[in-house]
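In what follows, chain A forms one complex with chain B and a second complex with chain C.
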Partner chain A sequence: MTSSPRLENFVAFSAQITAFNKVEIWGTGLADVYLDTIDGLVGAAVTDALLDAFAPIATLRSDAARTDRLRLEVFGSERLGPVARAIVKLWYIGVWYPLPSTWQEQFGPTARNDAFVPTPAAFVEGLLWPAIGSHPPGAKAPGYGSWRLPPNIPSF
Partner chain B sequence: MASPDITSIEVLRSQLAKAIQLEHATIPPYLTALYSIRPGANTDATQILRVIVVEEMLHLTISANLLNAIGGKPDLTVKGFVPSYPATLPDGETDFTVGVGPLSPETLKAFLKIERPAMAPAGKSRHVVRKSDDHSTHLCTLPEDATLRYYSIGEFYAAIRDAIVYLDQQAKAKGETIFTGDPKRQVTSEYYYSGGGKLWPIVDPASAAKAIDLVIQQGEGKTQAIFGDSGEIAHYYRFLQLDKNRYYQQGDSPENPTGPALTTDWSAVWPIATNLKLAALPAGSELYDAAVAFNSAYRQFLALLTRAYNGEPQVLLDAVPRMFEFRNLIQQLICNPLPGGNGNAAPTYEI
Partner chain C sequence: MSEAAEFDVVIVGAGVAGALAAGQFAKSGLKVLVLEAGPDTTRDLASYNAHLETFYTASSKGAETPWPPAEGAPQPDGADLFKQEGYFVQRGPHLYGSTYTRTFGGSTLHWLGVSLRMLPEDFELRARHGVGRDWPIGYAALAPWYDRAEHAIGVSADVEEQRYHGLTFTAGYDYPMRRIPPSYSDRVLGAAVNSLEVDLGEERVAVRVRSYPAARNSIPRGDYQPIGALDIGSDGQERSTYIGERCEGNTACTPICPVQAKYNANKTFARADRRHLTLRSQAVASQILFDGVTGAVSGISYKRYDDPRSTSFNEEVATGRVYILAAHAVENAKLLLASGPQSGEGQVGRGLMDHPALYAWGLAPFNVGAFRGPQSSSGIEDFRAGGFRARHAAFRFDIGNDGWRAATGAPDATVIDAVTNQKLFGRQLRTQLADQLSRQVRMSLAVEQLPDPDNRVTIDPAYRDKFGNPRPVIDYRIADYTFEGMAAARKVAARIFRQAGIKDCSRSTAELRFPTAIYDGEEVHYHGMGHFAGTHAMGSDRSNSVVDEFQRSWDHPNLFLLGSGSFATMGTSNPTLTLAALALRTADHIIAKLHDGG
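Showing the complex of A and B:
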C-alpha cells in the first residue's frame, strides 16, 4: 500500500474511533480500500472535512480530552457524525450501512444507498472478530482443537 | 562405509543439532514469502509454498526424532539457533544467501537452490574450504571447523547417513548400539497431523535411513526424479513450476513440464522490506512494539517445540494454535508501511 499523509490521517482517525491501534488498522490491509470506498460514497470533500476536524484532536495528549472533543466536534456534528458512525460499523463488521435519509436530504445523496460489503476481505478483517477473541468463520482458521482454549480478548 | 567427518556419537549429535537448525532456517523465509502474497492473489504460488513449508516442519520434527533416537537433546532455544538473515548456505563451489523477503523471482531463485543440493562430483571432496570473513550465519558446516563446509545440503545429510551406519556397526561389534534414546521421546503421528507426511519412531539404522531418505526425497527428489516413491512431487520441482509457469505431471522431463498452465503475478505481493531488523524501526513506535511482540511469540513457540521434542510430545497439540496466531501477527506486520516510504514491514526473526 502506498502511504500518503491523507491515508495516514485516515488510519489515525480509524484507530481512534475503533479503539484498535494503528498497526492493527494498517494490519487489515484495507485502509486504502475503505478510504476509496468512503470517498466514492460521500465525496472526498466530506471525507476531507472529517479528517480536517480530527487533525487538531489527534494532537491532544490526553485520551479523555480526545474523546470529549471527538464527541462534540465529530460525532456531534450533523454532517460528520453519521459518516463517522458508518465508518465504525465498516471497520467492525465489514459492511457499509447507508447513511440516514435525513443526512442525504440535507447534504446530498450518497453514490449508493444500500448496505454492501466493499471487498471480500472486509469480512475476514472485521474488527469484531479480534474484539471478541475469535476468528471469522471460514477464514483465519485457529487450528484443530483450539476451541478448547479460552478466547483471547484484547484489553481496550 | 567409513565416515571421516563424524567419528564419534558426540559429533553425530552436534551435526544432527545443526540439521535441526538447517530445517528450521528454511521456515522463516518460506513463511514470509507465503504471507507476502496479497489476499486472493496467486493461488498457485500460495498452495505450492504452503505445502513446502508444512513439509519443512515435518523435516524439523524428523531431525529432532533422529537426534532423540541417539540419545541427544534437541534445543531450539539456544542462542543463534535462528540465523541472522540473510543466512549463508553452500551450493557447490559457491555459497548463496537466503533471506526473509517478499515472494519475487529473486527469492524463488534462492529457494530453488535450497531445494536442489548438488552432490560433489565423483572423486572430489565433499568439503569445501570457505573463508568465514563475514558475520552471517553459516549452515552446513563441518564438525568443529566452521571454515569448512559441506559441498551442499545433500552432502551434509549424506555424511550424517553414513555416520549412523558406521557408528552403529562399531557399537554392534562391542555388543552395543547408538540407538540409546528413550522411544517415548519420539514424536509420532498421533501428535502430528496434516503435516506433510507420516512420522514413525526412529529406533534403528533402518528407520533412521528411511527418515533421512524422506527428507532428501521431499526436498531435491529421489536421485533428482521429479516424483518420489509415493508419487509426491519434490520441492525443487514444485518451485520450478513457478519459474516455468506450468505444472509437472507423471512422465515429464525436468526441462519440459506438460501439466496445466499457471501464472504468478509478481506485483500482487506486499512490497515488504528484505531482511528487516528492529534497528530500522523507530524505537517506541507501535510498529516496533508489534515487531518485538512477534519475535517474542516466535521465541515462545520455539520453547514449546523444544518441550515437545524433549519427552512431552503432547505439547505439540498446544503449539498448533500458537502457529496460527503468529500467522496473523506476520500478516499484520506485512500490511504496515514503513516510515519514509521504504516499503512495508516484515517479521525480523531476531530471537
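Showing the complex of A and C:
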C-alpha cells in the first residue's frame, strides 16, 4: 500500500472514530481498500468534505475535545454524519451498509445500494473482535482449549 | 436382482449415512457406487477454502451461506422462509424452519457436531409414557453400534459424565477423545446453577451444566488418531495438511469449520478402500426403477450435469444388487414418491418431525467471555426424561459460546444498534461494545416433537425444480404437546437465568425473523434445528411403518432407506449420531446377506 497525505488523513480519521490507534488501522491492510470503496460509493467529493472537516479537529490536543467537535461538525452533519457512521460500521463489522434513503434523496444516489463485504479480509479484520477480546468466527482461532481461560479484553 | 448389475451396492447421497455405509461395504470387498447430487468441491483444500471465502464475503451469514447449491440440486435456505419462493413449498399452518445441504459431505459440512445418544426411554415412548410410538429396536440393541459410530465419526466426551437418564455403556468403554474443554462461561454458569432444583409438574429436577459429546477433535485416547483437514487431489490421493487435529476455537462450527476439526462425511470417504468405491458427483437421482413383478429395484435413474450453473443434463441409469437411499429424510421420501408405485401403504413422507426450538438470551452480571470457543460446548440434559413426557414434550438446552448471534444477529446487530440508533462512535462505542457483547448469554431450548401423520412431505406435479424433479411440498403443524413443552422450557430457562443473576432479555427484544405461531393467545417465535426425521419411519410390521429395524423397505426387498427419516420418534438428541449408528448396523446386515449369497 502506498501512502499519500489523503490516505494518512483517512487513517487518522478512522482511528479517531473507532478508538483504535493508527498503527492498528494501518495493520489491517485495508485503509486504501476502504478509501477506494467509499470514494466509489459516495464520490470523492463527499470523502474530501469529510476529511476536510476532520483536518482542524485532528490538531486538537484533547481526545474529549476532538470527540465533541466530531459529534457537532461531522456526525451531526446531515451530509457527513451518515457517511461517517457507515465508515464506523465498515471498520467494526467489515460490511458496508447502505446509506439511508433520505440521504440519497438529498445528496444523490450511491453507486451500490446493498450491504456488502468489500473483500474477504474485511470480515476477518473487523475491529469489533479485538474490541471484545475475541476473534472473527472462522478466522484467527485462538487455539485448543483457550476458551477455558478467563476472558481478557485489551485496554485502550 | 439383476445378474448384469454394475455394482454390488448403489448408494444415493454422499452424506454421513451414505459415507459410513459405503466405507463398510468397500472394506468387505463389495463394489460400491455413490451418487451425489451436488458438486465435489469440498474434498480438496483449495476448493474448501473457496467455500470459506464465500462465507467471509457474505454480508448476512446463515447456515447455508458457504454452500450455495447447484442449479439442478436446489436446497432449502433460511432466507426463503418468509418469501413464497425457494425450494420448499410450505403449506403450513406452521413454517418448517430447517434447512440442509446438497453437496459432497451433506449437512455435516455445517452441523454443530452435537453427538448425543438417544435415551433408552426414547425408544419406548408409547410403552413408557403412552405417547408417540415405539421403535422396533431398543437402546441395548443399538448400543454396540453407538460405540462404533462414536469412533467412526470421532466424538469427544468423557464417559463418566454421560451416564444419566439410564444411559449405559459397554464395560470399559470410553469415547475416542477426551471431552472438549468446557468454556469459561459454561463454568461460570455451572457454578451458579448446579445446586438449583426446578419443579416441573409433580417432579423436582436437579439442574446441571454438562459438557455434551461433540464430533470435534480433542485430545485422543489410546491409539485413536484424529482426522483433520482433508486435501484429496484430483488423482484421488490424500495429501497431508497437518491442520485440524484439534478444535482451535474458531467459533464457526455452523456454518463452516475452517480447519475441519469437526467431523464431515468426506473424512469417512477419505478412509474408505478406494479400490472398491466409485464416487460420482453432480448426479441427481430422479427415479427409482422397479421390477413390476417382484417389486425389487432394478436401477436408479439420475441426471448428470457438467456445469453446476447450468440446467442441462444427461440421463443415466445405475444398477446394483442392493440399493440404498441416504439422500436425507426429505430427499429420500421425495425420491420414493416420485418413482411411481406407492410404497408403504401411503406412509412415505408422513410423520415429519424436527426439534422446534426457542432461544433464551440475557446479559450476565459480568464479562463471561462470550464469542470464544466452539459455538457451544455444554448443555442441560436434565429435562430429556421424566414422567412429564406423558403430558408434554421433553427438551434440552444448548448453551452458546457465541453471545446472542443466533437469537438476534449479534454482534453485527449490536454494533449497528450502537452506531445507527445510539449514535455512538470512538471511545464510547468501543467501551460499550466490550461491556455488552462480552456479557451476552444464549441458550437454545430444543423441544421434542411427536410423529403426526398429517405432518408430511408430498410432491405435486405443479411444483418442479429446474431439472424437472419435484420440489418437496411440506405440511407442518406444531401440536399442543410440543407447545406445552416449550412453555415449560421457557420457565426453566427463566429460572436458570434468575439463579445466575442473568438479566433476561428474551422477550423484550423478540425478533421477527423466525417463524411465528400462536399458542394460548401468545406469539411463539420458534426456529428449526435442522433435525428432519420420521419420513420413512421404521416399525415392527408393514402396517405401521415404511422400513423394518434394518431400514429395509417392506415393499422393495433390495431397497434400504438410511437416515433420520427412519426414526420412529425423535427424542431430544440431535439425530446424526443415531442415524450413524443405524447406518453401520444396516451395512453389517447387508454385508452378511450379500456374502451369504442373499
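Quick note on the criterion: the second predicted complex is superposed on the first by the 155 of 156 C-alpha atoms of A that agree within 3 Å, B and C clash if a C-alpha of one lies under 4 Å from a C-alpha of the other, contacts with A are read in each partner's own complex, and residues count from 1 in each chain.
The criterion applied here is as follows: a residue touches a chain if its C-beta (ideal position, glycine included) is under 8 Å from a C-beta of that chain, and two chains touch if they have at least 3 such contacts.
Computed from a prediction, not measured in an experiment: that's the story for all the values here.
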Joint occupancy of chain A by chain B and chain C, clash or fit: fit
Dominant toucher of chain A (residue count), chain B or chain C: C
Touched partner set for A:153, first chain B, second chain C, both or neither: second
Chain B versus chain C as contact partner of A:12, first or second or both or neither: neither
Which of chain B and chain C A:44 touches, first, second, both or neither: neither
Chain B versus chain C as contact partner of A:3, first or second or both or neither: first
Partner chain(s) touched by A:142 [first = chain B, second = chain C, both, neither]: both
Which superposed partner A:120 touches (first chain B, second chain C, both, neither): both
Touching partner for A:60 - first (chain B), second (chain C), both, neither: neither
First (chain B), second (chain C), both or neither touched by A:33: neither
Chain B versus chain C as contact partner of A:24, first or second or both or neither: first
Chain B, chain C and vertex chain A (Cα centres) - angle in steps of 10°: 70
Chain C versus chain B - closest C-alpha approach in the superposed model, Å: 6
Residues of chain A that lie at the interface with chain B and also at the interface with chain C: 120-121, 124, 141-146, 149
Residue ranges of chain C touching chain A (in the complex, touch as defined): 52-53, 55-60, 181-184, 187, 218, 246-252, 256-259, 367-374, 377, 401-402, 411-412, 415-416, 419-420, 423, 425-431, 433-434, 437-438
Touching residues (chain side chain A, partner chain B) in the complex: 1-3, 21-24, 26-29, 120-121, 124, 140-146, 149
Touch list for chain B against partner chain A, complex: 38-40, 193-194, 270, 286-287, 289-290, 317, 320-321, 323-325, 327-328, 331-333, 335-337, 341, 344
Chain C contact footprint on chain A (complex, rising order): 16-20, 63, 67, 70, 75, 84-85, 88-89, 92-93, 95, 97, 114-117, 119-121, 123-124, 128-129, 131-135, 137-139, 141-151, 153, 156
